[in-house]
Structure formats: C-alpha cells, structure tokens
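Both of the next two complexes hold chain A, though its partner changes from chain B to chain C.
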Partner chain A sequence: MSTTAIQPVPFGRRLKRFMADRPLIPLIILLVILVLVLQILRPGIVNERWLANTVKFAIPLAILAGCQTMTMLTGGIDLSVGTVATMSAFIMATQVVNHDPAVAILIALVPAVLIGLVNGIGVGVFRVHPLIMTLGTSLIGTGCLQVYQRTVIASGAKIPPFLAWLGTGLTYGVPNALLLFVPIAVLIVFTLNRTGFGRLLYAVGDNEGAARLSGVRYWQVITALYVISSVLAGITGLLYIGLIKAPSLSLAEPLVLPSVAAAVIGGTSIFGGRGGYTGTIIGALILTVLTTLLTILQMPEGARRILFGLIVLFVTAAYLRIIEDR
Partner chain B sequence: MTTSPLLDATGVVKTYGAVVALRNASLSVLPGEVHALMGANGAGKSTLVKILTGAIRADAGHILIRGEARDVRSPADARRAGLLPVYQEPSLIPDLDVASNLRLTDTPVEPFRAWVRELGIPDLDIRDTARDIPLAVLRVLDLARALAVEPDVLLLDEMTAALPANLAEKVLEVIRRQGDSGRSVIFISHRFVEISALCDRATVLRDGETVGVVDIEPGVEERIVEMMLGAKVEKTRVAACQASQAASPGDSRPRLGVANLRVGSKLNDVSFDLVNGEVAGVIALEGQGQDELFAALAGSIRPSGGTIEVDGKPVKFAHPADAIRAGIAYVPGDRTEALTMQRSVRENIALPFSAALRNWGPINMAQERSTVVSAIERLQIDTRAQREVQRLSGGNQQKVTIARWIAAEAQTILCFDPTRGIDVGTKQEIYKLLRELADQGKSVLFYTSELEEVQRVCDRVIVIFGGRVVDVFPVELADEPALMRAAYGLPRGAKADVGILADIHSSPVAKP
Partner chain C sequence: MTRLVRRQGWVAGLLVLFVVLLVITRLIQPGYGSGDFGSLVRAVLPYAFAVAAQTIVVIAGGIDLSVGAMMALTSVTAASMMDGASEEYALFVVPFVLAMGLVLGAVNGMLIVVTRVPDIVVTLATLFVLQGAALLVLGAPGGAVAEWLRATIVGTVSIPGLPELSAWIPKALVLLVVCLCIIWIPLKRSKLGLSIYAIGSSELAAFRSGVPVARTRIIAYALSGLFAAMGGLALTMSTGIGAPIPGPYLLASVAAVVLGGVALGGGKGGLLGPIVAVFVLRLVRTDLTLLAIDPNVTAIIEGAIMVAVVMFGAFITMRSRQS
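And then the complex of A and B:
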C-alpha cells in the first residue's frame, strides 16, 4: 500500500470536498461577490449606513427564515408566519392605544400561540400536510384580522417608541435590532445543536419511523415546534412594525416566500433532516443584498422579479450541487 | 414422463453485483402436473419466479415454453406465452372496483364470476371497490382472475397463506382440478401437508441451484429436508453449552411473558416466556407471523388479543416509547428503519436519550460523549465515516442500531435478523455480543433466518409456524435438520413416521 504513489487529488475535487465539509464558505463567498458587484455598479454605495440598513432589513427576514429552517428540518414548512407576524403587529399597534405596551404585546402574542398550537396539532396529531395546514390557518388568521379591524377602526393605532427604537434605531452605527436578533439566533443555533429537542427535529425529519422506534412521540415534537415557530413569527411582527411604522393587513405577507427561499439557499433541505440556522442567516443577507442590487439596476418591476426568481433558482441548484459530496 | 415439458428452464443464472442469487437453476413442468417449488429462505425461489414471469431478466440460461425458446422480457410477454403468476400480495388496484380491475387486464367477466363462485365466494359484487374487500377474499379474486384467462402454466406463490380453512380447502380443490384438465401449476409453499395433497413432483432449490427433482410420495419430506440442507444433514456438534443456563432458572418471574398473543390474521396464538440471562431464538419461515410478534412486543402495533407481561406485571404498549420505558428495545431487521441516515453515529446512538419530554433541554455533551464512545468501543464500530451513518458499511450500520440500546442499557433486546446481509466478521462479533449481554443478566429474543446461528447464540429455540408456536426446544437438540423440520411444521423426531403426509387433518396447521 505504502509503495504506491499517492495520486494527487484534482484541485476541483479537493475544492468540492472542502466546500462540502464547510457549507458556509461558498455562501459567504457569494455574499461577498454580490456586495462587490454592487460596489462596482454604484461606487461608494457600500458604506456604514448602507451596511446598517441592509442588516436592519435582513433581520426580520432572518427570523422568519429561522421558523422555516426549523420546520423544514422536520420535513414541514410554516406558511402562516406572515399572517402571524402581521396579526401580532396589528393587534399590538391597536391595543397599545388603550393598554400598557407590555400588556399590549402579551395580548398580541396570544393569537400567535393559538395558531401555532392549531398548526402543531393539525400536523402532528391529525397528520395534515404542513403546507395545507399552515396555509389554512394563515387564511383563517387573515380573515379574523379583518373582522378585528372593524372593531378597532375608531380607536386608531400607534407604535410604541421603544419598538421604533428597536426597529430603526442605531447605536454607534450598529442597528439596535441586533439586541433582539443576536440572542434569538444564538438560541436557535444552540437549540438545534445542543438540546434534545433540536436533535429530535433532525431525527424526525430524517426518518420518522426510526425516531418512533427510539421512543420519540412525533406529535409532541411537532406541536412544540409549530408553537415555537409561531411565537418567533409574532416577535418578528413586533420588530417589523417598528421598522415599517405603518400597520396594515398585509404587513409581513411579502416576507413569507423569501423566508422559505432564504432557508433553502442556506442549505436546509426541504425534505428534512439536513441543514442549519447559520446558513439561513447568510441566505437572508444574500436575498436582502440581491434585492438592493436589483433595485439600483433601474429595471422595470416585472423584469426585476423575473431576474430575482432566476437567481434564487440558480443559486439554490448550484449550491446543492456543491455541498452534496457523493 | 415421455411427454415433453410445457415449461422447461435450464441453467438460469442471476447475479446482483457480487451477490449470486441463482447460480444454476432449472425447472421443468410437465403438462397436467402440479409442481412444487421448494427451498429454504434465500435459496432463490422468488428470483426464479420473477425471471419466469418476466419481472426481471436472467443473466444466462434457456427458457423453453412448449419446446420453443422464448425470451420473456416483461410480465406481458409471460402472459402471452401462457404463464400467469398469482403473488402473495394482492394485485388488484385498491382504488378501483373489481370490474375496472378486470378491464385493466382484459379479463373476461363471466368466467371470472364462475371461478369466484367455484372458489367458495357466492356473493361477490364486482362493483365493490377493492380496498373494501377483506384480504383473504382479495387473494381468491387474484386466483380467479388468473384462472379466467385459462393460462397454460399457473404460478402460485404461497396461495393458501392468510386464507381461512374453508377457503383454503376450495382453493386446493380447484388447483388439483387444473392438473386434470391438462394445464400445469407451479406451486410454491412451505406447507408439506398441502404439497403432499396436491403436487405430483417437487423441484428443490438450495443456494441458487436446483439440487433435485422428486416425486411426491409418502415419506419424501425427509428427503426434501435433506436436499434443502445439503451436506449439513449429519447432526452438527452442539456448541459448548452456555454457563448462563444454570444462572437463574425458574427462581423468579420471567422477564417477558407472552400468552395467547394474536395480531390480525398473521399471528394466531403465541405463548412463551423469556427469562433474564438467556438468548431465546425464534425460528420461522418467511411470513409466519414473526414480524407481527416482534412489532407487537416493541409497541409498534397493537395486538388484537392475548397478554404481555413484563416482570410479572401485565402491560399494554400503545407506542414504542412505552416498551422502551419497560426496558424493551427493538432492533429491526431492516437497518434503514432504525437509523437516521444523514445524521452522525453519535446522534444515532444518543437518539433514545432525547426522546422523552423531560430530556428535551440542553444535552450534557461530555457525558453523552463518554456514553457513546464506550458503546462504540464495545461494538468496535469503525468510526472513520461517522459524520453520516449512510457512509458506513452495512455491518457497521447494524452495530449502530444495537449500540444505541447498549448505551441506553435496555434490559431486553428484541433482535430481528440482525445479521442479514452483513459480513462474516461482523456476524461473529454480534454473536459474541448477544452472548455477553445474556451473561450480564439481560435477555435477548433473537429471530434469525439462518438456522446455523441458533447453535452459536441461543439457549433455547421457539419455532413459529402459521402464526403459532409449534415447538420449543433446548439448543442441544437444535441441529439444523431438526430446526428445518420444525420450521416446516413437521413434528420433531418424526423421522420414522412416514404417515404424516397421508392425512391433512393430523397436521398442526390444519387445526382450527
């Protein structure tokens, strides 16, 4: 064995293996390339203010993409995050007129917990497909919100100053939203890698039958998961309204599909069992930068969307090829 | 014997990669005969059947139908050549009614109805959806559908399995009459009683090779058993008797007590005890109810009757978690059922630790590492590719499924054919491990499809046939011929008794 000359591994192959072992590297490279392209197209745009702005807009997307990451690990998806975020934002903004902000926030998170519970029981106990289940609760939630809007139409809405501070404020040039996001991100990463619950998400998504034989009760895991996902979406709503400052009935809806895209670009498999949150965060940043890039190209809206869709498809397909080392 | 055969297959070879499924199989069926095809598990019966019916293609060999060389490329070809199979699994499409199913295969309806009546089902409505029809009736409908097109050669795979006695009797009668009308039947069965009642000749396969063709006559079952075993007929030396046997016999309640356990139509009445410190072997031919027995003991499916006791206390398992809490762990035969393939060795071994709600919190990584590492060392798992279990070899994957329960310190392990498809070295290690577990006072229920493993591992053998325990005997008596006879439902030590084939109703199978 030792006498045979060591075959030099081709550079391409070595690079591929390197990428497969560290799936974050190609993502970071892509992000840097996008920023460079932006700088070349519009010299001087990449500065401290632009960075802070990008981070501010990427954070709500990244938290919602965290919901998608966790549900996708089990082979599911949570399409109700947009509605839940909108509901909690709208309810908070209208309740804060009559209540203390803390009370208003608690009231605002009640529907989030309820929708999460219904999602979890539907998927975990009654085995409704997550796509249908969360789409259904999302529609129901939107309907309820419209009814609710009639009852509060007279009272008006306002945004508590500290939410505006959290959503848009900067401290020494650093977005205050990071105060909320960093703990959430750390918690999600820790949960996925170092807790029993996180292990079960991967196990259930990889092979539900094997998890069952190991004594895992599927419905418990799934119910807890969808409640957590919904609560995170609710919190995102509160943050997002601090950023947008205009409560509406479709506030966070445009974030839903990009949140799925961010998780997929970040390397989380939609079939379950594979992925992680760090990739998702970079995925959210990539999408945000990409949006800016397409905005400054001054293309018509239609062309911009076509390009956005094509790039998302291409990046996902290419990335999966790179990290799948078979 | 001067008539030329209707179907004549010679020198059939089929390999899957390095695995040889058939090395030299032949089968010759005369017009008007009912021909039994026999062989132990893995002898190549099903491969040969699939080749004859065009489901897969042979690598070499000749198949002559009515003396003409035919290249049977697809099931449709086989059908045109006059060869029709009826498989164990019902073949009607569940979402269509019976009439639409008949149209799919161009089966004439009136003959079909006549055959259904003949086979003992007077009141079939062909507008019924197949899904709503009970399994036993579906199998009869499959047979009727095949009979209705009047095939020259009818191929029946375990036709009477899962049929109630009255239907089985009708079916056997109809098959016998097929032969009288000049058509042939290839009859695959594990039941000597049926073979003796029906068949004219039998072809015996062993290790992918045809080892003999015999006429069915009283007393031939011993010859067939010998052929299926090959050179191993002389009584093999009993492995050194295990010391653990004397450890704790009878002084305490059994670890696991099973009484009159029934599951659906597959497992009819099974009772046995498993005590701490023993490895009890379970021997059964394919599909005799052993899968259901293990699944019921593991909490995967609910039994339809009978009781399970753990340490003397009756238990009801609604979920595998209940069985695990009682210290009963199940290692399935198919590794892909037990492993999360994209996850690491460590996560796979540690999976049961996180299962319960109270263990969902932060993991003590250091403690988990030491537990996992000691389990890995105990089983000598090759951890070079430990980041993803799917990159491990089959043997190492199997070790991971067992290591999980060593780490979880399960008191009782239900091992379902743990050595299927793994290399010899790993097999030896698993035998050794199971013995060690028993010596430590744990109990193991060990189903194996390889009879020779019984003497290497077990203290006792439980033989299941037709969903019932037909025999329990100590390992000293469990040489391969004895096991093989028992597995086929033949009484132990009945070598001299040639009469058992004569009367259908004296066999344990036919008892209601």
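And then the complex of A and C:
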C-alpha cells in the first residue's frame, strides 16, 4: 500500500480503486491468508506434498473455470462443462477397452464438439439465454450417457496408464498435469490478450450492439467460443479421470459450481467484457485451498454449497459497487 | 382486442393439442382410463406449481433459477418435520413450509432489488444456497408425510349422481385448481397484479407512472416462492418422502412458460397457458412410456423437446424485438 502516493482521498476509496486496478494482488493476499489459516489450524500440513496435491486438484477446476471465463467475457456462462467432462471421461474409459487410446480419445471428444456446437447455435443464432441453453444440453447429454452406459455395461472400463500418469504422477515433486495445463493456460491467456478472436470476445461482451455494428459476426464468434469451451471441458474430463481413476456418471458434476465461483472470484464479470484468465487460475487455487480448509473443519457438503453461492453473490455485488464508483 | 384473441387462441390451441394427445394416448393404450388420468395429474402436480412459480416472475420481467432448489428445500423440510410426528402436527407443518417459501422468495426479490445484481445471477447464487440448505436439512432422501395429506391427492372427488364424470376428476386436479385460483384470480384483478404486468412490460414506464417497482418485484418473487413451496409440498405428498436433490423442474418450468405463450421478455401472458402446456409436456412423456421406449431415451426426447421449445420462444422474442 506504501507505493500509492499520499493523496487527500479517503482510505476506503483508495483501497477500492487499488483493488479495481490490480485485482490480482488482493486475490494473492487472500490465497496466502487461507494457506496461513490452514497452517495454523493444522501445523505442518503445508509441505511439498500438500502443495503438489493442491495444484493437482486445482488444475481440472482451473481449466473448467477457463471455459467459464471465456464464456462469461461475452456475457454468457457454460453450465454443460460438467456433463461434457463426464461424458468424454466415461466414453474414453469404455472405448479404450476395444480401441487404441488415441482413437478412444478422439471418439470421446466427438460428443464434446457436438454439445458445444448445439450450445453455440442455440445461444448465437436463436439467442437463448446461455444459462438455460447449456442447462438443457447438459440434461440431454446426461440422458445420452445413461443410454450409452447400457450398451457398454458388459465391456467394462479401464484408464490408460499415460492418463493416470498425467493426472496423478509427479516428476521431481512437480505434478505432471502441469505439462497439459501450462500450454492450455498460455494459449488461453494469449488468445484473450493477443489475438483478434480474444478481442472479439471482449467486444461482444462489452457492447454487443456496437460490436455487431462494427461488423462482428456475432453467431460465428459465439459458436466458435462454445465449441472451444466444450472441447476444453472434454480434455478436462480426460485429465480428471486420470486423477480420480473411477469412471462414473457424475464424475465432473461437482466441479461445475466451483468453476463458476472461481471465475467470479478471479475478477471476471458475469455481465461480460471484463476479466481475464490469470485471476481465474488464482481463483481456482483459492477454492481448492478453501475446500481443504472446509474439509478440515468438517463442514458438510451442504454448507460448502451455501458458501459458494454466497461467494458468487457477494463478489458480484461488490464488483458492481466498485464499477459504479469509478 | 386482436392481442386478446391471439392470446386466448394460443391457450385454446394448447387445449386442443392436449385433447388430441389424450386421443392418441387412448389409441396407443385402449385401456387408458380415469385411473391413469389421475396418476397423470399427480405427476403433473409438482411441475404445475413450479411452472406457476416461474410464470409469475417471468411476467414481472425476471427469471427464477432457484425454483427447483426451493422445491427441494421445502420438500425436505416438510418431510423431515413430519417424520415420526403426529397426524395433527402436519396442520402446523403445511402453513410453516408455505410461509418459508414466501419468505425465501421475498429474500430473492430483496437481494435483486438491494444489490442491483441481475436476477439471473442472484437466483443462480440462491440456487446454490438453497441446494446446500436442502442437503443440510436432509442428507439423503427420507422423511415421511402425514396420511391425511397423502389422501388429499389420491383418488377422485365424489359428486353424487354423477359417478361417470367424477371418476375423471382426480382430487389432485381439484387441489391444483383451488391452490392456483386462490392466489391468481384475486391477484390478476387487483392493482398489484396490474403492477406486476406493468414492471414486466416496461420498468421505466411503470416507474414513471408511479408503480412501486421495487416493492412489486419483491412481492412477485415472494409469490413465486409460495408457489414453489406448494410444489415442494406436492412433491412430498406424491412421493411420501423428501429428496434434497432438485429435479428437472427449472428447465421444465421455463419450457412450459414459453410453450404457454408467456413472453420471456415479460409483461405478457397468463397462468392458464403454461399450466396447460405442462400437462401437454407430461402427456408426451406418458405416451413415450406407453410406446415402451426406454425411459432414458424418453428423458433425452423430453429434454430435446424442452430445449427446442425454449429455442423457439427465444427466436420469437428476438423477432418481435426487431420489428
């Protein structure tokens, strides 16, 4: 705080402005505080293994939160990521019994592309609210998965060793999952900040009418966006099953609400046009540490959901206040 | 005038569609009789209340994503309170749960008004919160329900002298009609009802005409919560237990609202259309089941129909906005 020059501005205002200008710093402070609280509650818990574990569990959440970040930038949301991730994981695990892993992975990503396409067309062409649209496709997807499960019930499922290696393995104490995550994160950040497509996403979210008038083909942008989001969710599913190692029909469902919360905490506005991926990554780390903390405090699942809901509401409301102040 | 004709025409068309579907059902299953109709109405009951809850908020120009979670919470509350309690205790439980719905709905409305966060975000947040609360009340499906409450929706009314007709009037239908009319008809005829339509149609115009926008919005959400609580009670009454996981009521309610001729933009439509629409949607499901289609496939078809309906509704809204 000492870097800000002495000004005749009340401290509260100054703090608000500071937070609005550099949203990352308060987030990192919050993360450090949470880790400290954890260390105080359970002295010695924070060590190298804990760190690797936290990163491992934060990565799938961070990728899914990346889907939310990109869709939220356009003023949307993608609630089908959980179903898509579950589908691709389950299909991969059952197809790998009969096929080469590479083929199985390709087959597994087909439904992801399809669901993304339907989402994109529904939102971009028919202008259904993204929330309703993605909720609908996730219901249909779950139904399809249940039907599919019947057809493969006899063949069983297995997890290819390299996915397990990627999901759980450590190399010199560093999670292998970072091999997948770092390129994805760099790609998302690069796309959002340095490419035309990224700029279109911000433009559409900031002022759709203006973007349209400047020649942005809205439906094409949105369709591409939801397909990308779905494919990312599918990849997350593949990674997540390597981590959890038990295919089920509700594998990634518990990650949906936290992924929304992580993007919101990370400073991405749910109304579109503002935010970025770096904040989201820290948001995902914060939520993972928070989950550990709540588990240590023996907080039941219900209380955790209540907390996530309140976080989303509180952060959004606070965010609106900060914007209005400027 | 033409708008009135068009709107009533829409509802009439839905009714015709419903009758046609009934005839088709009779053709698929010649034995489909009054008993089956009774079970259809019982299955519709929670959906109908969810739709009513959604309708009132959509007319006021908003949307309530927390309908399903609210029903889950009220349902588990009722089921766990009645578990092991005496029959008379339920007389206290029912008003308590209804009041809870009313208050929670009002909280939804107040959060929207006070924080100025859009309704879709606020109700998404309360969806998480209510879901969590439902899990705290009852970790797994369980609880019980008073026998007399179950009896109010099982069986048919008896009209002396008309056994043929009364066989086709299940008690559940009477309960539904009474509950909806008791709230909807006085509301529609009052100044408050007019205000609800007004803020949905144009908030600014309503504000400038002296409509208390904030208060009206809170009341609309409170009534929505009340309907959702009725839905939760109906759920407990028909299943005999409470389940903390929300059913597919959110999407179903939005689809029925759209199919029922209520514009998602707000300010238009009535309650009858969506209610008939939900009967149509449920009957389609019954038909699919009677055709011996795998229940999971039925779920896919049903989901696809609902998504298609919502897409169609959004398309219409967009077209009307452009013109």
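We take it that the second predicted complex is superposed on the first by the 281 of 326 C-alpha atoms of A that agree within 3 Å, B and C clash if a C-alpha of one lies under 4 Å from a C-alpha of the other, contacts with A are read in each partner's own complex, and residues count from 1 in each chain.
Basically, contacts are C-beta pairs under 8 Å (C-beta built on N, C-alpha and C of every residue); 3 or more make two chains touch, one makes a residue touch a chain.
On a predicted model such as this, the values are computed, not experimentally measured, just so you know.
> Does chain B (first) or chain C (second) touch A:303, or do both, or does neither?
The second partner, chain C, only.
> Does chain B (first) or chain C (second) touch A:194, or do both, or does neither?
In the superposed model, A:194 contacts chain B only, not chain C.
> Thinking of the overlay built on chain A, is A:270 touched by chain B (first), by chain C (second), by both, or by neither?
second
> With both complexes superposed on chain A, which partner does A:97 reach: first (chain B), second (chain C), both or neither?
Touch status of A:97: no partner.
> Name the contact category of A:214: first (chain B only), second (chain C only), both, or neither.
first
> Taking the superposition as given, does A:203 touch the first partner, chain B, the second, chain C, both, or neither?
Touch partner of A:203: chain B, not chain C.
> More chain A residues touched by chain B or by chain C?
Comparing touch counts on chain A for chain B and chain C gives C.
> Touching chain B in one complex and chain C in the other: list those residues of chain A.
none
> Can you check the complex and tell me which residues of chain C touch chain A?
Going through chain C, the ones touching chain A are 63, 65, 111, 115-118, 120-122, 124-129, 131-137, 139, 244, 248, 250-251, 254, 264, 294, 296-297, 299-300, 303-304, 306-307, 310-312, 314-315, 317-318.
> With touch defined as at the start, can you tell me which chain A residues reach chain B in the complex?
190, 194-197, 199-200, 202-203, 206-207, 209-217, 220, 224, 273-274
> Of all residues in chain B, which touch chain A in the complex?
Touching chain A: residues 298, 300, 319-321, 324-325, 330, 332, 336-343, 347, 350-357, 359-363, 365, 404 of chain B.
> Within the complex, which stretch of chain A touches chain C?
122, 126-129, 131-133, 135-137, 139-140, 142-144, 146-147, 150, 257, 260, 270-271, 300-310, 312-313, 316-317, 320
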